[in-house]
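For clarity, chains are labelled A, B, C, D, E and F in written order, and residue numbers in each chain start from 1.
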């Protein structure tokens, strides 16, 4: 339960940063926070009470006392994808700073409908 | 498992505080430190949720690499938000 | 080794990983590899096409049956779209061959390959998380290619795209989570068969997330702010890729998910309404543009609005008309982007006014542009006419007269701004003749597309016989579930 | 104004969101594919770590996509930052203490990364984590020495070869085993280092690839102007 | 026993976080983060003991290595390196 | 071997207490350098105690915990050293009465002359 609260607040805080903040790097930080929140939420969904990690490292472990492995493997993928998106975003931020010498989104915006 | 609930509530509190803190900060270096703290706490939470694989990934990517590329980006741009 | 659907993904990936190695040896070879790969894929898809039309081909990956492993679903709709994508991809490569002269050429071709891989992956995959991964591949390749020219505007457009695209991926991941939580599976067919296990409020929330998340990629009205910028700031062949390939993949995934999980009359009605709004707003916005590629981008949004509208009607006729429209839009818009790319290149400016008089200086390119413009408006001897007619007929048989009136009004607006450009092209004006010529590969690419447009315009039956099974495949979720799960 | 609208929107969204997830029971066992994976991982894939067996075997296609995403990130970053690069970095060296430690730690960290991806099917971790650790180790050297250069040619060759290995393993499976990425090698005894068929091979390839890619990403970003 | 350990560790985490939030300069915050990561490494090993899984110790090892590099990078950034 | 386990738990308790004291020091001390002092010395000792204690409670884990302990023993002082240097460079000065107690001041000037 607590995990859900934490994850949902992380997602909302991150979305708030993306929507409201004016600084490009702050926006990228917001995206990273949203990603973390999603990952936490998914892992929390896969948790089973009094179970252990899905690794059969010794004979005494049985399959019915283990947490759900699927969310874990999906989150692994999601974390790596999040890193890739962050890297590309930061590359673009550096490129934009190189052109405009500012990180303020209001001063950068030139394209309009 | 009462101690677990206690620990988790403390960690979730820290998580939310550091998230709010890192988006409110004007100094971007400090904001990045905040995200690093979020990664630290998330790592412990994944560990408590019996997901060592994910905790390892979060440690490798969240605590180190992601923080580092943010730092490089700050270095190449502005540190302070006007 | 017989050609099977997984080749669509494995072979381009292999080529993309090979390009850096080859680049150490020869730069010319790097340019050739994507062409060879796409030629191979086109050949394979033509071989595979009749089989896929008859019976859906399910290809198992890693030897585990669905729902435990990932499976590729090569049904009639996917067959139609994938064949379109590979053939169009080949033509776009032909055009890029001489058009892209800016370094890093090697990286351009790698990204281009991966973009096509991602788009075919979205169309082929039968697993919802795999769909997410391919969406991300497509999205990241698109961000990088949008910023490929590296000037002020393209970087800004790419960042805007990235920002909105991240929203899309976050929402889509959340959808995957909700669906997994209640059903415990990730295979699309299995999920669809277990859709009743999801409680109503979670289903509503998932619907909201799908519409927002996939709507961003599929360019539905309030969420398509990124599209004009990305289309107009990317290099011209990439504009053609966005209009011809990426949007098609996104719309297909969107409609597939909606039809599988949320197919109720209210939802379909809602889709019709947003399609209509997208169409009208985009056409009105296109009228006001001063830049030629931006105008094409808005026109493209309008066309996709029409497609979404027709898909939302939900009958077999309207769906097949929508698929026909998708085909036409891909071919014609690619040609318009090609021609516009060289018009901008020759006139040296992105503005519409600067093309005045180019019709006499660069007759062939201008001719192709005019042909495309006339075809997309829907004038009779071209293919655009038949698809628009089919859409209108299918709506008329449902008795929605108001929608027909609005579509016709939008078409008139469309005709106004395209004819305006054609008029400008053939206005006599003293301009100093530009020594730069359109290279032969570019003309060849445009010529192929022009032939396709005219042939389909004269013999539409060549295409329409395949549309019926494709539309039925898209509409029939029962069949999807049965074949997808064996 | 903009703030108020954003807060309002997020409030509605958050309420809806929370009402779905907070009603979800926490820590309950659910039926689904996860159960099948847990029960059959050892007999079907030979990997002890179920997460690894899902990532590499059952859903190996996702992993191919994931590797592609990272490859895209490094390629895309190279394209975006193409001409803001400079030849040399001009920061100061670190202090002697940091330099010495980095020199000592560097091979150990690379070794640790290799350990993580070689043992991917036995212990937590795998190709991605191992690759990330290797890239971090290289970064340590970047940080300590101004003159430390990553060999771009070597890195891109490693990257390509590792990617080709992955796809080739997949295609070999297609030829010999009937489907892409199928496990065509013997599974061996569970909990052995050499077991689980192609899983270690794929994870080693992934480890090298991710390490090279992330190093290229870091190097590209470090070498931009300013 | 376990209660005592968890309570003391939580208090320690809390103090470090308070310093991270209050700390007037960025250096203070980096110091707090450094402390946080060390406490976390110790805590991960301890939690591995409580869960009685040997493999969990790997996570602590890798976490320790990577967080060290993260903090070092921040320090180098502050000192004008990187 | 039960004594080994008791010893291990004793180590753990000592270690945890030192971790707590280190954090308290970080909270209470007046400036960066003193905080770093508390944060490094006490925390390193605490972490070493805790980790080795775990190794004693479970003897077959001992080698891996020893590696972690060694690593922390080396890495923690170094990161503190780097942070201290960086803070000095970024203009922070130790909280002292006498001016000439800033040992790093000479080094910086010497470098600038060169």
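Here, a residue touches a chain if its C-beta (ideal position, glycine included) is under 8 Å from a C-beta of that chain, and two chains touch if they have at least 3 such contacts.
Remember, it's a predicted structure, so these values are computed and weren't measured experimentally.
Novice: Please give the intersection of the contact partners of chain A with those of chain C.
Specialist: Under the touch definition, chain A and chain C have D as mutual neighbours.
Novice: Hop across touching chains from chain B and tell me the fewest hops that reach chain F.
Specialist: The distance in steps between these two chains is 2.
Novice: Smallest number of touch links from chain E to reach chain F?
Specialist: Minimum step count, chain E to chain F: 1.
Novice: With chain centres taken as the means of their Cα atoms, state the distance from chain B to chain C in Å.
Specialist: Chain centroid spacing, chain B to chain C, equals 39 Å.
Novice: Taking each chain's centre as the mean position of its Cα atoms, how many Å separate chain C from chain E?
Specialist: Chain centres of chain C and chain E, defined by C-alpha means, are spaced 48 Å apart.
Novice: So, what's the distance in Å between the C-alpha centres of chain D and chain C?
Specialist: Those two chain centres are 31 Å apart.
Novice: Using mean C-alpha positions as chain centres, tell me how far chain A is from chain B in Å, no decimals.
Specialist: It comes to 11 Å between the two C-alpha centres.
Novice: Specify, in ascending order, the residues of chain E that touch 2 or more different other chains.
Specialist: 9, 13-14, 26, 30, 51, 53-56, 58-59, 61-62, 65-66, 69, 72-74, 76-78, 80, 82
Novice: Which positions in chain F are in touch with at least two other chains?
Specialist: 75, 78, 82, 85, in rising order.
Novice: Out of chain C, which residues touch more than one other chain, so two or more?
Specialist: Residues 129, 133, 136, 140, 143-144, 147, 150, 155, 158, 180-181, 186 of chain C each touch two or more of the other chains.
Novice: Quick one: label the inter-chain contact graph as line, ring, star, complete or other.
Specialist: other
Novice: Please list each pair of chains that are touching.
Specialist: A-B, A-C, A-D, A-E, B-D, B-E, C-D, D-E, D-F, E-F
Novice: What residues of chain D sit close enough to touch chain E in their complex?
Specialist: 91-94, 98, 109, 112, 116, 123-125, 129, 133, 136-137, 139-140, 143, 222
Novice: Along chain F, where are the residues that touch chain E in the complex?
Specialist: The contact residues of chain F facing chain E are 9, 12-13, 15-17, 19-20, 22-24, 26-27, 32, 35-36, 39-40, 43-44, 46-47, 50-51, 54, 57-58, 60-61, 64-65, 67-68, 71-72, 75-76, 78-80, 82-83, 85-87, 89-90, 92.
Novice: Could you pull out which chain E residues touch chain A in their complex?
Specialist: Residues 51, 53-56.
Novice: With touch defined as at the start, can you tell me which chain D residues reach chain C in the complex?
Specialist: Against chain C, the touching part of chain D is residues 16-17, 19-20, 24, 30-34, 36-37, 44, 57-62, 64-66, 68-69, 71-73, 75-80, 82-83, 153, 156-157, 159-161, 163-164, 167-168, 170-171, 173-175, 177-183.
Novice: Taking the complex as given, what residues does chain E use to touch chain D?
Specialist: 55-56, 58-59, 61-62, 65-66, 69, 72-73, 76, 80-82
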